[in-house]
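Pasting a structure below so you can have a look.
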Amino acid sequence: MSATAIAEAPAGPLLSARGVSKNYGHVVGCRNVDFELYPGEVLGIVGESGSGKTTLLKCLSGRLRPDEGSIQFALDGGEPQDIYELSEPDRRRLQREAWGFVHQNARDGLRMRVSAGANVAEPLMNLGNRHFGNMREQTIDWLQRVELDINRIDDNPKTFSGGMQQRIQIARNLVHGPSLVFMDEPTGGLDVSVQARLLDLIRNLVRRLNMAAVIVTHDLAVARLLADRLMVMQAGDVVETGLTDQVLDDPQHPYSQLLVSAVLQI
Amino acid sequence: MSQTTQAQQSPATVDGYNYAYLDEQTKRMIRRATLKAVAIPGYQVPFGSREMPVPYGWGTGGIQLTASLVGPDDVFKCIDQGADDTTNAVSIRSFFAKVADVETTEATGDATIIQTRHRIPEEPLKDNQIMVYQVPQPEPLRGLEPRETETRAMHAYEEYGLQYVRLYESVARYGEVSSGAGYPVMIDERYIMSPSPIPKFDNPKMHMSEALHLFGAGREKRIYAVPPFTTVRSLAFDDYPFTVQSWDETCGLCGATDSYMDEVVLNDKNERMFVCSDSHYCAQRRAAGLFGPMAGHALAKEEGETEQ
Amino acid sequence: MTEPVIRVENLEKQFILHNADGARIPVFENLSLDVEPGECVVLAGVSGSGKSTLMRSLYGNYLPTGGSVKVMHEGEYTDITNARPDSINDVRRKTLGYVSQFLRVIPRISTLNLVMQPLIDNGVSEEEAEPRARELLSLLELPEAHWDLPPATFSGGEQQRVNIARSFVWDYPVFLLDEPTASLDAANRERVVKLINRALERGAAMIGIFHDEDVRSQVATRYFEVADYKVAA
């Protein structure tokens, strides 16, 4: 990972999937998925529930070993490595240090028994920070960025609303400066006004920090706002990929056309 | 510590029971776990904890360790909250006197095995001594991570960031690491360990201690150890270093200023006194002619009588 | 002779409506067009002749059925019809500006921030971006009281001016203008014409659709008839 290596290979993919398949017995989770994600790019995975979006996300994020295919990640512009060929501690380190994972349900992504502040500071401690004052500062900064009242820094997540919990979770997953963040329906289950605010927040953060992201959503409006490009999934297959506005404005595959035409216009 | 592995060598002290209560195979199993624990300082070794004649939480882990270690040549001391004369300490001491025909003592320096709950004696331990701790919760990460598979992975891969979350919470809420007991320690710069029952005041006593420290958790079925001359570092933040408790008061009975104090409410007029938690240490000082401000108090007198 | 900044070669587009029994709607074929710096090519033709479809195909918003659209991007041609999405986004960020008739409003983002966005995306600092955004907004006479509001509730004409400010704040080498003056009054149309001519003078290339005859004649360097490439039915 020397400086020259970075200079020589500036535009390699950050994450690439090759022939990724995962079945649950006879049920297809996802089938033969190929794609490349470049640094700073936001990929949206859309499709109805059961289409394999979440299975694919789990495979990509090192949480579910695919039956076939490989997933490679290039850390800091270095050589791409197959994440399932890494040793478990190395894979866990990668997940902890270079990635973030935002769950649909904040309760799955937060430690509900420790304060909001400690939830946000934990990734810093995982990186070896042992200076309380320094971590406190960064935590306060992040609570402000996600528009939470810093006077509530020591409150338990349970005492926050669903939308606020989701913002704590986002801060927790971005505080350590990951190069890639996975998000599973990050605004699902929230009411519309909270959703809009959260989307706007995610959009700004992802852009400003130049992070890459893989966002699973069934909501095409969310996809349009956040994603640079889309993958449309149907019954485990990727049926169409392309620039977000191209897929939504000029869908090619019958299923994509159906999906786009099914959206209510407001 | 003499090896009494054959039941025939020592008299069965209670009819129908094996020497030291546990059968020999169980003792061997516990010794194997103990040896592994000594070989990997701070690592929690699973063992087949047995049903004991007392409920979980009353020291079954410590009792099983002691039973696997004790022989007729040993001298056994048992303390609860630092005191030799509390119910649990008295009961366990008489239990082993009965089932293992072992000599018992209250004198720290005379004991070869000291079973404890909550305290390490004030008197420095020596190389022929074993401390046996009764541990309620062996897993220092448990309060933060409920999954055993996950905490095991964290120990295996030295993923110890999470452990600092507890310290963070404490500093955030109280301005210091307030955790009084079970303050997590790093053993031999490899495993984080919970010295579960003892106050952080006693943590420094384990560092490079001449004695062997064995921890037994009966309900949780874990044994772990700090072998002699092992580094024990209490976790801390760079800007919030580790400190131990200290008291402005002196021991009312012996005048000690350097020992761990218990606060005792004397009556319903809110009169209180501070006394050494280590009853033997306090008695020793008084025997040497040292007295505190409340010496001669009714309570002190009574205390003196039991000491004889 | 300078090199064209846009080379459209044998472009073809037809829509296939799978949910309408696979109906095919051909729009154009064999369409070629080169545009050089300083040129403003105005697409001519009646409504429905495929002008907007062509514009969207040039921007990568629609996927052409055949042919190529090469855009001079950082000294090299990038083919919009088959480039990687991240390269298309890079071309759109730095090289290819697009002004549509409609503003896609982003919730909660103020007008000023919306206009600053293309600069920020190109690495301009906020300190530098803000005065430039302000300059354009005042040039287009959008009331200053509106600048801190998200444009969702603005009138059509106001939104349109935000849209124009947002595009002209960055000096794109190539502009695609899809009826930028549609809902503007005469005075504002004049201002937009000025902006366009100023960009042409500095060497920008443009392809535009203008319904207003007056605007058209003021900016066009030549006309291009999309209907000439209509697929024979």
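Each chain carries a letter (A, B and C) given by its place in the written order, and its residues are counted from 1.
Assume contacts are C-beta pairs under 8 Å (C-beta built on N, C-alpha and C of every residue); 3 or more make two chains touch, one makes a residue touch a chain.
Quantities reported herein were computed from a predicted structural model and do not represent experimental measurements.
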{"item": "Chain ID, smallest distance between chain and overall C-alpha centroids", "value": "A"}
{"item": "Most remote chain, CA-based centroid, reference being chain C", "value": "B"}
{"item": "Euclidean distance of C-alpha centroids - chain B vs chain C, Å", "value": "77"}
{"item": "Whole-Å separation of chain centres (CA-atom averages), chain A against chain B", "value": "47"}
{"item": "Euclidean distance of C-alpha centroids - chain A vs chain C, Å", "value": "31"}
{"item": "Interfacial residue positions of chain C with respect to chain A in the complex", "value": "15-19, 56, 60-63, 84-86, 88-89, 106-109, 121"}
{"item": "Complex contact set, residues of chain A against chain B", "value": "88-89, 92-93, 96, 111, 113-115, 117-118, 121-123, 125-128, 130-136, 153-154"}
{"item": "Residue numbers on chain B that touch chain A, as the complex places them", "value": "143-144, 153, 156-157, 159, 161-162, 164-169, 171-173, 236-240"}
{"item": "Complex contact set, residues of chain A against chain C", "value": "36, 38, 40-41, 196-197, 199-200, 203, 207, 225, 228-229, 242-243, 245-246, 249-250, 252-254, 257-258, 261"}
